[in-house]
Each structure stands twice: as C-alpha cells, then as structure tokens.
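Handing you a structure now.
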Amino acid sequence: MDLGTIAGIIVGLIFVFAGIMAGGSVITYLNLESILIVIGGTISATFVAYPLAKVLEAMKITSKAFSKEKVEPRDIIHSINGLANTARKEGLLALEEAAEGVEDEFLQKGVMLIVDGTDPELVRNLLETELAFVEERHKEGQGILETMGSLAPAFGMIGTLIGLINMLRTLDDPSTIGPSMAVALITTFYGSLLANLLFIPLANKLKLRSKEEILRKEIMVEGLLSIQAGENPRIIEEKLKAFLPPKIRKELQQKEEGVEA
Amino acid sequence: MDLGTIAGIIVGLIFVFAGIMAGGSVITYLNLESILIVIGGTISATFVAYPLAKVLEAMKITSKAFSKEKVEPRDIIHSINGLANTARKEGLLALEEAAEGVEDEFLQKGVMLIVDGTDPELVRNLLETELAFVEERHKEGQGILETMGSLAPAFGMIGTLIGLINMLRTLDDPSTIGPSMAVALITTFYGSLLANLLFIPLANKLKLRSKEEILRKEIMVEGLLSIQAGENPRIIEEKLKAFLPPKIRKELQQKEEGVEA
Amino acid sequence: MDLGTIAGIIVGLIFVFAGIMAGGSVITYLNLESILIVIGGTISATFVAYPLAKVLEAMKITSKAFSKEKVEPRDIIHSINGLANTARKEGLLALEEAAEGVEDEFLQKGVMLIVDGTDPELVRNLLETELAFVEERHKEGQGILETMGSLAPAFGMIGTLIGLINMLRTLDDPSTIGPSMAVALITTFYGSLLANLLFIPLANKLKLRSKEEILRKEIMVEGLLSIQAGENPRIIEEKLKAFLPPKIRKELQQKEEGVEA
Amino acid sequence: MDLGTIAGIIVGLIFVFAGIMAGGSVITYLNLESILIVIGGTISATFVAYPLAKVLEAMKITSKAFSKEKVEPRDIIHSINGLANTARKEGLLALEEAAEGVEDEFLQKGVMLIVDGTDPELVRNLLETELAFVEERHKEGQGILETMGSLAPAFGMIGTLIGLINMLRTLDDPSTIGPSMAVALITTFYGSLLANLLFIPLANKLKLRSKEEILRKEIMVEGLLSIQAGENPRIIEEKLKAFLPPKIRKELQQKEEGVEA
Amino acid sequence: MDLGTIAGIIVGLIFVFAGIMAGGSVITYLNLESILIVIGGTISATFVAYPLAKVLEAMKITSKAFSKEKVEPRDIIHSINGLANTARKEGLLALEEAAEGVEDEFLQKGVMLIVDGTDPELVRNLLETELAFVEERHKEGQGILETMGSLAPAFGMIGTLIGLINMLRTLDDPSTIGPSMAVALITTFYGSLLANLLFIPLANKLKLRSKEEILRKEIMVEGLLSIQAGENPRIIEEKLKAFLPPKIRKELQQKEEGVEA
C-alpha cells in the first residue's frame, strides 16, 4: 500500500470534516441529489469522452497510485546482473531456466526472446514498441483522471445552478431560502473536493509512477541487449547504474565497498 | 451504434433530470429564450469561426463518435494477408478482382494503385498525403467541437446577463425577483450542460477515434507497400502485428496457436 | 462577400436581441458609457500592445474574413498549367506577355523572376521568404484579434465594477438599485458579446483563411519552379494536384475524364 | 517617444474616467489602502518571484516600449553598405576609423572584432552568443510584466476580500454597507485596470520590440561576416535586403530606381 | 540570505496587514478552521500528488530560494583557471591535492574523475547525466510549488463553501449573517494570499535559480574536459567566459586590464 496517497486523501478529508464540524454537522453534507449529479454526471461524461475499455483500464492503472511500488531500480539491476552471470557462465540457453524465477513479466519476456535466439535488432524493436504502448496506456489513464478533474467542478456548478433555480422559483417562504441555498452549494463543494483532493492529484501521481516504470523498463531493455551481446556482467552493471539518480548510485557504491571491505 | 457515447449522454441527462425533479419540475427548465440564445448563439458564432463546408464536414465526422467502429485492426491485417496470398500465388494483376471484395475505400484505392503498376515511391506518397488530409479533417472536426464547448458557456452567461438586466430594470414587484432570476440562470445551466456533457467529451472521443483510424490506415499503407514489394505473406503479417498493442497481439497469437494445434 | 461570417454575426445578434426583447427593450441596452468603456478601453489597450502600423494591417487582413475567397486552388493549377504550356511551346521569354494576364500578384512576380532568368535557387528563396512574411503578417492579425478577444471581457468587467462602485456609494434610494445594477451589468454583456461573437471567432476564421492562402501560394512556388525547370505541363499538373484534398482531386479527375470522353 | 504606447494608456484612462464621472466622482476611486494592497502586493510578490537585478533590468527594458525606435532596418543596411565600401576600397583596417562613427554599440563591437583580425568563426560565435543573451534578457523582461499582469488582479481580489471581511464583521449600520462595499470593489478595479491597460499589453509590445531588435542585430551579424569575407558591397546589400518584409523592400527598390534614373 | 525573497514576502504581508488594520483588526483574520482547511488540505492533496520523498526534497530545494547564491560564475571560472594552471605545471595527478580545496562537490567529483584517468567521453557522460538529474530534481521542486499554488485557492474556496453552507443552514438570527460570512471569506483570503505571495512566486524564483545553477555546472563540465585535454589555461578561461552574459564579461575584462596595467 502506498501510504502517501491514502494518508493524503484521509488526512485531507479529516481537515475538511474538522472544518465542517466546527460550525455544523456532517449530516447536512450528505445530500443524495448532489452526489448523484456530481458523481453520476462526471462518470457519464467520462464515458462520452472515452470508450468503456479505456476507462476500465484507467481504473486498473489508477489503482497503481494506491499500491506501493515494490521493485526498486537497484533490484532490477541486481536481477539483470544475476542473469548476466548465468549467461556468461552457462550460456544464453541456461537463461531459460533462470527466466522462470524472474518475477517481472516484461523482463521474463525479454529473456525468452534472447533464449529463442531472436535477432538483437528485433529484440530491441519488440521491447521498445511494448514500452511505447505502456507509456501510451499510462498517458490515457492520466488523461481520464484529468478529464474527470475538470468535469467534477463543472457538474458541481450545474448541480448548484439546479438547486438555485429550484429555490428561486418558489420564494414563498423566506425562511427556506438559507437551507435551500446551502443544499445548492453542497454540489459545488463535492465537485471541488473530488477534483482537488482526488482526481487532479491522482493524475499527477500516476504521471510520476509512469515515469518510474518507464525508467525501470528502459533499464531492463538496456540490460537484456547487453546480456545478448555477451558483455561482461560487471560492465553491464556499471552501464545500468548510469540510469540511477546520483544519490542512489552513491548509496549502492558505499554498500558495495562495505561488502568488498 | 457506439453504446458508450449514447449511454453516457442519456445516463448523464437522467442524473441531471433526477436532480431537477427532486426539487422542482422539468417544465421550469424548458425556456425557449434560453435555448435560443445558447444554441443559436453558439451555432452562429461557430459559423463566424468556421466556413460552412467545414462545419458540415465536422457534423459528419462527429457522427462517427456515435457509431460503433466495426473494423478492428486485426481484421485489416487479415484482409491484407489475404491480398498478399493472392498476389503471391496469382500475381499482382490478380489483385484487381480481389480489390472488388475489399470494403475499405482507402485499402481498395491502394490496391488499384498497385494493380496499375504505380511506382512504389508514388504509392507511398499518394497514400500518405491522403492520410495527412484525413488527419487534418479530423483535427478540424475536434476543433469545431472544442470551439462550441467554449462558446456554449459564454453564450449561457450572455443569456443570464440579459435575464438579470431585464429583471433589474423593473424591480417593482419583489415577488417576481426569484422566478426571473431562476429563468436567467437557466441559460447558464444550458451552456454548462451542453459544453460538459456534449461538446467537450465528444471532441475527446473524436480524438481517440481519429487516432484509431489513422493507425488502421497506417497498417494498410505498410501492408500495401509490402505486397507490392512481393514480400512473403507470413512476414508481412508479422510486420503489421507490431502495430497492435501487446495485449491484442498476444490474443491473436494464442488463437493462431490454437488453430495450428 | 463571405456569407458565413456576416450571416453568423447577424443571426447571432438576432438570437441575442430576441432574448432581450422577450423580457425588456433594446433601448435599455444602448448605454453610451458602457460602449465607451468596452470599445474605447479595448482599442486603447490594443494600441499599447501593438504598434499602430500593425493594428491597421490587421484590420485590412480581418476584412478578408468577410470577403469571399474567389481563387480556388484548382483555378491556380489551371493558370499554372496555361503558363507551363506557353513556356513549353514558345519559350520562357514568352511568359512575359502571359504574365500580364495573371491576376495574382505573387504569381505574376514569380513569373517575372523566371523571365528575368533568375537562378532557380534564388527564385525559390525569394518566394519562400515572401511566403514566410505573409504567414507572419497573418499570425499578427490573428494575435491582435485574440488580444482584443481577451481585453473586451476584461474592460467589460472594469465597466461593471465602475457601475457597481458608483451605485453602492449612493444607496439612498433603494428603488434605484435595480436599474443602476442593470446598467452596470450591460458593460459585461457588451464585453462578452464582442469577444464571443466577434473577436474570437474572427481570429479563428482568419487562421483558416491564412492556411488556405499559404497553400495556394505553395502551389504557385512549386509550379513556378517546375516551369522554370522545363518540366512537362502534364506532369506539373499531376504534381500540383497532390496539394489538393482527395475529394477535390477526385472531382477534378471526373471532370477531366468527362472532357476527354 | 512611442506615441502608440503612451497615447493608448492615456486615452484608455480617459475612457475609464469618463465612465467613472458619468455616475460618480473620481475622488471616490482614490483609495490609499486599495492602491497600497494592489501596487504594494504586486511589487512585493514580483520581488519574491524575481531577483532585484532582473526587476531593475526589466524596468529599463520596459522603458523601450515607451521610446520610439529610431533605427530602421533600412538604415542599418545603409550603414553596413558604407562600411563594406570602406573595407573594399581602403582595406579592413580602415574600418577602425569608420567604426567610431557607428552609433550602434553592437555593430561597433563587431567592426572592432573584424579590425582585430578575429577568426570569422569566432566573430560569428561571439556575436550570436551576445544575441542569445539579448533575447534571453528581453524574455525575462516580458516574463516579469506578465507575472505582474497576473499578480495585480490577484492582489485586487485579496484587497476586495479584506474590504468585504472588514465590512461584514460590523454590520451594525445598514447605511454603511453600500459605501464599504464600494471601497472593497475599488481594489479589484485597480488590479484589473493595471493588468489589462498596462502590464499585459506592455508585455506584448515588448515582445514585438524584441523581435524587431533581434532582426536588426541578425542583419548586422550577416553584414559583418560578409564584409569580413570581402564580399562585394552590392551583393551584401542584396543579401541583407532579404531580411526585410517585401513591402519595405519594394519601397527601397523604387527609391533606388528613382535615384538611378 | 536572499534578501529579495524574504523582504518581498515580509513587505507584501505588511501591505496586506496595513489594508486589514485600516478597517478592522488582525485578530479577525486568525481563524483556526480556515488555516486548517487551506494549509491542511493543500498539504494533504500535495501528498496525494507527489510521493513523500519528493515533497521533502522539494522543501530542501525551496530553501534555496531563500538563501543567497554565493558562488558567482566568475568565481567558478577563477577556480577552474587555478586547477588548469596546476594541471599544466604539475600534471593531472597534482589535481588530487588541489581537489581537496575545491568547495563545490560537483567540481570536486569531476576533478577526481580526471585524476583517476577516466576516459574523457565517460567523464562527460557521467557529469552530464548528473546534470540532467539535478535539472529533473529542480523541475520537480517547481512542479510541487506550482501544484500547491493551484491547490491553495481551491481549498480556500472549499473552506468558504463550508462556511457559507454552515451559515445558510441556520439563518435564525440575521445579525450573525455578516460575521459568519466574514469568517467564510477568510479561507478564500488565505488561499489567495498563500498562492500569490508564496507558492507561485517561489516556484518562479526556483526556476531562475535552477537555470543559474545549471549554467554554473555547465561551465564546470566544459572546464574540466578542457583541463583533461591539456588545453592552455588562458584559452580555457576565454572559452568559459563565453558562457557569461556580455555585461559581466566586460566587467571582468576591465578588471583584468586594470590588473595588467
């Protein structure tokens, strides 16, 4: 579980509810109509904007923003180093067995391509095409969240307009003006909260997560091609480390030197 | 029929109407003036912004967002594979007859160019120019919808201003303030609803549809040039599959293996 | 006259006036102060943003959005074909006389360069530089209209603020609040209407018109260089047709075939 | 003095003041607090956004938007032509004396580089680096004005919020509501006016001025390198004229022909 | 300490507080709920949008906007000149000792790479990768501040909506409307002030600071590679000066000439 995302949403809601309870009660804010218009309207318009298959895929991708990324780039370099050592000592064919132990599907597929003796140019091509599709899919996921982030406040305003129009039509009893207006404003409140605490920040986290995943996959592509080219495992490791930010690289080095010492 | 687009609009309207009927009646919202200002104003300004021919073309293109795309990329690859086999076995001239059975106009035209013995460079040129024009036309369609998506709320606000000004001029009877203001706000309601449930989401779906159509046509161009070059149908198929997303590619492969087994 | 632009503006105004007259009278909307602040302010700020010469040029260019484009690309291809035939039969020098009959100034200038025996590289260079200046000038025209489109609502709001401030200062007689507020809102109404029915849509139409003119001039450059290179008129025609959208190209072809048959 | 910029600001203010005086008095609008919050806040935030040195430089650059550009591109071509003639007749070293008569600092510096026998590649490098720095500095000047153009309305709104909050806290005497609200709105009025009549249009004029200056300097670089290469003054002039818009080029040509005739 | 940033914020606050105290008291503005919703909500949503590690890093980077940049580009050129002289006279290995006196970590690391006899191509590669990571990190820092700059007004509005809804629900005592509304508006006031005096200007200053730091590091990379190539210290200095703006370059030259004289 990614604590940041979940804690951010929960703590944000706590702050908002604290503000609500300081001067009123939460029950006032549970307005079924408002929820229907904002959430129903946003989701309906999203389905006008995107085909069903893409929306479902986006939901799967969004769940990533909530799940903790377990595979660190350094672990991938470690895995590739292991594969490179196996290939060096026992030949490329020995990778077939090793591939079974590889958890990452993309890396496993790449290893199988090497074992099958696929032409290096084709290996690069296939893996990079797949990378491009992964990137495209992530971008669509972000796009859907950003679309929802702009639709939610719009439907919030539409709901508030409906509330105001309904109230203004029947101005018989002045004492009902206040409560009716309060209800009308709740829809705008929902739209703003959904957009600013959920959709827009999630779209941003997805962008960052996508960048990390692309980096991990680029390391894999580079590593796989180097293994296929029969490069020295030590040199492969150095090459892949260039993909890491200097800070992590330095940590790795210190750890290594510790081991060597 | 593309269920997503139509269902999205209908379900969105149901949510909005549910919100309306919870506190009022739909009849209040049927205001001829408001409809005239928002829809009339938006369409008039669209005609100032775009020539008539482009607006009509955009309407035709928009209808695509409502129609289900029947031709899947995998079917195109299948068609091209059939053509490649015919060309291989019976020669390029035999494609003339085969071309008659091809449904897609773009593909048919490409086949006829090959049959006519057009220079490969010229074939690519002609097809890619046509592709560029298709893309351009799609972009204009989106552009018109986006323009309408920004004009509708603007004319909604203009209508509300008119309503407010008319009301404020004659503040004799306080009891009419409410209903007059309600009527004034209906125009803003219309503008927002049209923009956020119709124009903006439709522009987005059109963009996605355009991308799919361009992909299909790119597969055709690549396939046609490979057929003309006399490449092996099996190799052509592999080449074209690289255009498909990995997921669909895997499905195809499994199906094939099932057939082979 | 370009009917689309003028009809769009007039019909749009009719819709807006219909809305006004449904609940009030047009006379209320004729407020000299509002007109002075919105139009005067917008024009003044435009002169701060752009030098006088550019604003005048923009007005000339904008008038194009109102005038019907008479020269179709197919007519240009026809003209060039005629010139190519003359050059073929009677030599490049014979073009001097033919050039006098050419209406388009740009084309005429190009023909004179050829007649003068200018180096082909220099001809291309001179014509393309001129093309770049035309494009630049069109972009500035659009830029001025877009600037006005964002200034008009801003000065509309400034005018409304002035109206509100003046009204609020003297709240002696409650019966004047409504009419004063109505007058204040008229300025916002003017700003919005000018921006959304006039400036922004006109900027867009200018962009499309500019694209068409650039296309026409590109066809001329390509044609002139082909004539100078002594290419076959028939081949020149085919080459230039590649600049046309497929639909128009097909129409031309059918017409031709009709003539030939 | 650049009449356009100054006249635009003054005439714009006249329109606004005419609107003010039609329904109130200018004195109402002289509110010290409002001026302090809008101008003080905008300038303070600008200093948070930009270092002091850059803000001062931007002010110097902005003053250009008020000053009339005296050096026309045609005059520069004329100057360079004179230098080219001197270099041709009396040798490059004779330029040292001629350089003293050159007003433009950039051109003078370039001439001195040539006189010093600097390598042509290095001359181009040095001058183009300087050009890049000039462009960078102009962009920062525009950036500061644009930042102020978005800060001014924001602080206008902040001031209005303060005014409203102060008023709402002490609603004892209903007769003070109007005047207090009027005062609150004055801050928004200031912010809008500053942004739309001053900052945003000035940023735009600066952009156009920068483009003109860069063009002039590019002509100088090209001319200087041609002089150093010992090209014919006549040919240099023709080459530099290609930088001019066709309209001015034609005027020059007609004048020349008049002289020759 | 960077006076501009701190003074800008403090002076901005003074102007705002002066405005507040002119018509009310600062105590009214100390509303715990408002502060909780705006600051709490903004920070929570920022944690949804960015992982914890990046937010912490952004805070470290932001502190740079408050700290005075002590190392001027001219000092770096001076340092590199010293290193170049040492390398020239005593050989590359003598740099090891000299490196200890180098304050900048990046420069020191580069010197050590040279001392270790790393291949020049690899030195450039390693340093430029590190430069790219520094740039990336700065961009993320700006991105976080910009995100906060758009979240703060959004949560300000959410807080105001809560205040209005709570107030409207209980319209029993008209005398409480004013004060309740005042409290509601305070949240919007906080959001606007934080965004426009703090987050958005700070993001901008960070961008400028980042540009300066990248320039300094680029000078170092160029200098280190020149030292490694054994170039003449005098020539290295000239080369590096091309990175400086002309104004500073001129100052340096005058100082030098003064020294020489």
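By written order: A, B, C, D and E. Residues from 1 in each chain.
Methods note: contacts are C-beta pairs under 8 Å (C-beta built on N, C-alpha and C of every residue); 3 or more make two chains touch, one makes a residue touch a chain.
Because the structure is predicted, anything quoted here is derived from the model rather than measured.
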item	value
Count of contact steps on the shortest path from chain A to chain C	2
Least step count from chain C to chain D, where 1 means the two chains touch	1
C-alpha-based rotation, chain B on chain E, 0 to 180 degrees, nearest 5	145
Approximate Å spacing (C-alpha centroids) for the pair chain C, chain E	45
Rounded Å distance, chain B centre to chain C centre (Cα mean)	27
Multi-chain contact residues (two or more partners), chain C	none
Chain contact topology (line, ring, star, complete or other)	ring
Starting from chain B, with chain C taken as the next chain, the full ring order	B, C, D, E, A
Chain C contact footprint on chain D (complex, rising order)	2-5, 7-9, 11-12, 14-16, 18-20, 22-24, 28-29, 175, 177-179, 181-182, 185-186, 188-189, 192-193, 195-198, 200-202, 204-205, 208, 242, 245-246
Interface residues, chain A side, partner chain B - complex	33-34, 36-37, 40-41, 44-52, 54, 125-126, 129-130, 133, 137, 147, 151, 154-155, 157-159, 161-171, 180
